[in-house]
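Each of the next two complexes has subunit A plus one more chain, namely subunit B in the first and subunit C in the second.
Now for the complex of A and B:
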C-alpha cells in the first residue's frame, strides 16, 4: 500500500470542505473495510483520506419516529444489528446483518460507507431498496434525498458528487409489512453472494397489497423485479402464487456469469430463492408494527 | 528444568502444543516480522504472457523512481550464477526468467528499495517486449502438443530414474512411470464385466495464511537465509550448489511457519534473495502477497482413466490406470509425485493383473507441486469413485464390494512389495461401524434428499530419505533436542519432545526443541509427505538412546547406579560442579529397493504404509444442487499415536482442507491467466462450512519400524473425502459427478440432465 495523508475532521462541515471533487485522489473514508482492501490491491491509490469517524456523534444515532426509523450514516453495522428498535421493527434488517461479512467487519464498517461503496455484492442495498429507504445526501450547503435505485447507478458507481456525503438513511414504517432477505452463496458460506434477494410484502387482510422484490449480486446494481412484483399484486400468497411470481422473476432477471455460477444457473437459483424468500417474508412478523 | 526421572509414559499422552501460547498471544516470531539493519525490500515484476520469448525488459521507468536502489533481471543473476536454474527433480527453473517466460505470473525482474511501497510502485512500471509462442494448458494435450515448454530436459541428477530423460528434446513429458504385473490385457479379454471411467481434478492452492517470505543476509564469510521453508537442509545444499560454495558457508534458519502444506518445500524465494543480497551487498527481503501465492505453486490438476475387469462374484481381476499430471511450467517435485503415487494407483485392492502408466507433464501454467497427499487424493478420487460405480452397476453394496477386494496384510501390492502393518481392514471395519452401515438410513423428503458414502485410500511413504537428530543433556538434567524438522503447525515440536522424553525418562515439557538452523541442527531431508514422525522420530529416539547410554556409561564409570542416580549427581561427580554436557546423536534412513523401470516392480518401495478412510452423510437440495455435509467421519492408521490430541486435529484439519478442494476450491484460468488470484475470489472453507458432526479415529495399530510403533498422519485425512462425497451424492439423488470441484451447479446440471432437461450453458 502506498502512503497517504489521513485527516480526521471533527465536524461534517469540515469534512465536506476537505473533499475536493476536482481531485480523484481525495476520498472520504468510513470504516475503511472495503477501502483498505482496494488500496492493498493497488486498485485505489488515494493521496488523502478524509475519515468521518470523529465527526459529530449524532451521525451515528438510530432514531425512531411515528412514520420512520432514521439511521445515521456513521452508525456501525454492529450497532444497527444490536439496536432494540431495529430488532423490533425491522427484524429482517437485524437478521441480514448477522450474516453480513463477520463481526470484525461489522464492528467498524458504517452504513454510509456500505452504500457509497456500491459493490453490487453487498447485502444492504437490495434490502434497503425493498424497504423503500431513502438516503439523505449532504453537500456544501445543499441537501437532497435519493432512493437506493437513484443513489446506486452502476457497478461500483453512485450519483454522489465528489463533495457530497451520505448522512442518514430513512426507512419508512409500513403497516403489516413482512420482509426477508436471502444471501445465496454457491461456494463457501462466507463467499460473496451469487445472488441476494430482498422481498417486502405489504398485506391487506390475506392478500398482498404491495410487493417489492429486489435482486442484488447477480446484476451490476440492486434491481427491482417488476414483473414479479406485478404478479404478486392482490394475490393470496401461497406456494402457487409464489411460484408464479418466482417464474416471472426468473424470466425478467438478467443475471451475469461469474465464478459463482453461469447465467443459466443463476436464473434457476432466482426461480428457487425468490419463491422461498416470498414465503419467508409472508411469515415475517415484526414486533410493534405500526398501524396507519 | 528437572531431575525427575520417573514422570510416567510420555508417548501416548496429549500435552498441549508447546508453541500454542506464543502463537495465540502474538509473540511467536515469523520471518515476515524480521527486519535487519540496512535491509532492502524486493518486489517482483511478473510475466504477462503464458509462453513467449523475451525480446527486451524495459526497467528504465522503474529505475527512475526516487528511492529505487536496484532493478535486477535474469541477466544480472547470470553474472553472479552462470547456471541459475534450480529444482529438486530437474534444474529447470530460472531464478528470474531467462530468454523466455513459461507461464503468466513468472518472476521477470526484482526491484529493490528501502521502502517496500517504492519497490512496489516501481515494479508496476516494468514492461517487457515479447515474441509470443504457442502455449499448452491441458495435461492430456501436452502429451502431443507442438507447443514445447522446455526445449531440452535437464534432470537434476539426484534421482536415478530421471537419468534417461537427460538431453531429451521436443517433449513435455517430464517423467513416465510404468508398472506391469501379471497380464492385464489378457485378463480384460476374458473378463465377465469391464468398467472404464475417466475422472478429472482441478488446480487448487495450498494457501498457507503466511505467504512465502525469505530474507538473505550477506555476511563476511557466510550467507544467512531466514526463510519460511519446510526444507532448510535442502535449501542449504541447493543454494551452495548454485553459488559453487561449500555447504558451511550457507546458513539457513527457520522459525515457525504459518502453514506450509507442501508449498514451502525445496527452493522458492531463497535463491532470489540470496542472489540479490550478494549482488547489492545488503540484506534483502522478499515477502509475497496473498495474491502472489497463486503464481508460485499449485496442486496438480490430473486426468485419470481407470479400467477394471470384474468377475461374476464382484472380484476385480485386472486394472489399467493411465494418469496425466498437469505439472505447470516447472517440474518442482512433480516427477516424484508421478512415480510415488503411481505405486498405489490401482487402490488398496488385491488385483492380480495390473497395468499403470503415469505421466508428469509440463504445461504453460504456474508450477504444481506436493500438496498434503503427494498425488494420493487425486488417485483416491478416481479409484474410490470407480469402486462405487462398479458396485452399483453390479448391485453389490459398496462396503461389501470393498471387503471382497481389499488388500489384506501380507499380500503383495501392485509393486510387489508386501503389505505390512497397513490396517486397511481395521480402518474399513471401524468406518462401517461408526457409519452404522448395516442400519437403515433416513433418506430425507421433498427437496432435501440424504445420502451417505465411503472411501478408503492408502499411500507409500516417499523413500529413501534421511533424518539426523542430536540430544544434548545439560548438567542439571535438562535437555535440548536439535532437529531440522519444521513445525509448520502440525505439532512436530511437541511430538518429537515426547519421543525424546520417553527414552530419557523425563517429562516432554522439560525438553527445549531447537528450531532449524543449519549451523546448529543436523540434516533432515525435509518436512513433507508425513515422513517426520517416522523418520525424524526414529532419529530422535536413537539420539535420545545414545545420550541415555552415554549417561549410564558415565554413571557406571563413576561407580554410580545408572538407573537410579539423579542426572545432576552424575555431572557433579564427573566435573565437580554443575558443568558439562552429554551429547547423543541418531540418524535414520530406511531401506529401499528402486522399482524396475520397465515393470515398476520392487520388493521394498516404502518403509511404511499410510491408510485413510472417510465416510460422509450429506443433504442435497434438489432444487439448487447445493450439497451440505452433515457428518464427516475420518479413520486412519497412524500406528501407535504419539499425541492423540494432535492426531485428531491432523485428521480433521486434513479432511476439512480436502472438503474445500472437493466442493468449491478451484484456480480459474483464462488463456493461461489466473482469473481469481485473491481470497475474495478463491474461497476456502470457513467455520460455517464445517460439518456439524466431525469424528476422527486413529485405529489401534502398531508400526513395526516406527518410533514406539508410530507413523505419519498429516495427509491421511485428505485421502478419501472427495470420493466419499461423490458416492454420497449418487446415493442421495442418483447422479454421478466425475470432475472436481463438485459445485452446486455441477450437481444441479447433473440432476437436470438425468431428468432429460439439460440446462443450457
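Now for the complex of A and C:
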C-alpha cells in the first residue's frame, strides 16, 4: 500500500484547513468503512486522510427542536438507530438502519460518511430524500444547505468541493407524516438491493396531502418519481390508488440492467414494491403525529 | 504526524501497552503481530465477523479499522480471560452445545453474542438471528450457535 498520513484534528476548523481541494488524494474520513474497502480494492490511493472522529463532540449530537430533528454528521449509524427521539418520531429511519449492513459496521460508520460515499445502492439517501432532509455543508468560511438530490449528483459523485465537509443533516418534522422504506434484494439477503424505495406521505384526514416517492439502487442516484407523486396528490389511499401510483412509477422509472436483474424485471419490481411501500407508509404512525 | 510508523498506547485486555504501527495497518494485522490470533481476517470486507474485537465497548470489524485509531482506547479480544477456567458463560455454552466445527468463526460469534446479551439479556430466537446476521459460519453450525446463545442467556440470568 502506498504510504499516506492519517491525521486526527481536534476541531472542525482544523479539519477544514487540512483538506486540499487541489489534491484528490486528500480525503476526509468518518468511520473509514467505505474508505478502507475502496483502498483495498485499489480504487482510492490517499495521500492524507483527515479523520473527523476526534473533532468537537457536538458534531455527533442528535437534537430535536419544534420543527426538525438535526443529526450531526459524526453520529454513528448505531447511535441514530438507538436514539429514542428517532425511534419515536422517525420510526422508518430506525427500522431502515436495523437492516443496513451489520452491528459492527453501524457501530463505526457515520452519517456524514454514509451520504458523502454516494454509492447508489445505499439505503439512507432515498429515505432521507423522501423525508425532505437537508444536508448542512461547511467550507472554509462558508456554509450551505443542500437537499439529497442536490448533494448526490451521480454514481459515487457528489457536489461536495474538496474542502467542504458535511456537518449535519436536518430532517424537518411534518404533521401526520407516515414513511416507509423497502430494500428489495433479489440475490442473498445481505447483497446490495436491486432497488430501494422510500415513501413519505403527509395525510390530511383520509387523503394524501403531499407525497414523496424516491427510487434508489436501480438508478445512479436517488431519484424522485414525480408522476407517481402527482397520482397520489389528494387521493384517498387504498389498494386502487396505490396500484395506480405504482403503475405510474413503473412507467416513468428508468432502471438500469445489472447482475441483480434486467431493466424489465426491475420495472415489475418497482410496480409491486411501490404499491406495498405506499400501503406501509400510510400505516406508519410516528409517536406524536396525530391523525387529523 | 507523518506517513512513518507511529507509537500508539492503548489498553489491550486490561493491560496497558504501546506498539509501533504503520498508517495502513489494520487492527487484525496489529493483533497478529502482538501474538493474538483469535481475531482473524477472512472476508476482509466487514461481512463475516471473524475479525471482531471490541473498541471502547463497541464491537467492530478489525479488518475495517485502522490500527493507529486504537490510540488511547480500550480493546478487548477473545483472548481476554474470565473467571476460574478463563471462560465466560458464552464460551462455556458454546463448548457445551458444540457450537462449532472448525472454530474459525467462533471468536467473532462469542464476542458478538456477549454484546447481544449485555444489551438484551433475554433475546428471542429472531433477535439472536438478527443480531448475528453479520457473522458467517462456513461450517453452518448455526442451529447449535443459536442454542448456545440461549443457554448462555439462561446461565447469565441464573448467576445474577
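Simple rule for what comes next: the second predicted complex is superposed on the first by the 286 of 292 C-alpha atoms of A that agree within 3 Å, B and C clash if a C-alpha of one lies under 4 Å from a C-alpha of the other, contacts with A are read in each partner's own complex, and residues count from 1 in each chain.
Definition applied: a residue touches a chain if its C-beta (ideal position, glycine included) is under 8 Å from a C-beta of that chain, and two chains touch if they have at least 3 such contacts.
What you see is a predicted model; the values in this text were computed from it and never measured.
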With the two complexes superposed on chain A, say which partner A:59 touches: subunit B (first), subunit C (second), both, or neither. neither
Would you sort A:282 into first (subunit B), second (subunit C), both or neither based on which partner it touches? neither
Which superposed partner A:181 touches (first subunit B, second subunit C, both, neither): neither
According to the stated criteria, A:36 is in contact with first (subunit B), second (subunit C), both, or neither; which is it? second
After the superposition on A, what does A:265 contact: first (subunit B), second (subunit C), both or neither? first
Touching A:5, do we find subunit B (first), subunit C (second), both, or neither? second
Taking the superposition as given, does A:190 touch the first partner, subunit B, the second, subunit C, both, or neither? both
With the two complexes superposed on chain A, say which partner A:105 touches: subunit B (first), subunit C (second), both, or neither. second
Could you list which residues of subunit A make contact with subunit B in one structure and with subunit C in the other? 1, 3, 37, 40, 189-190
Hey, which residues of subunit C end up touching subunit A in the complex? 1-3, 22-24, 26, 44-47, 49, 52, 58-61, 63-66, 68-69, 112, 115, 130-131, 133-135
What residues on subunit A touch subunit C, complex-wise? 1, 3-8, 32-33, 36-37, 39-40, 51, 53, 78, 98, 101-105, 107-108, 189-190
Residue numbers of subunit B touching subunit A in their complex, please. 117, 120-121, 124, 289, 291, 623-624, 626, 660, 663-664, 668, 675-676, 678, 680-681, 683-686, 688-689, 743-745, 748-749, 759-761
Which positions of subunit A touch subunit B when the two form their complex? 1-3, 37, 40-42, 186-192, 259, 261-262, 264-265, 268-269, 272-273
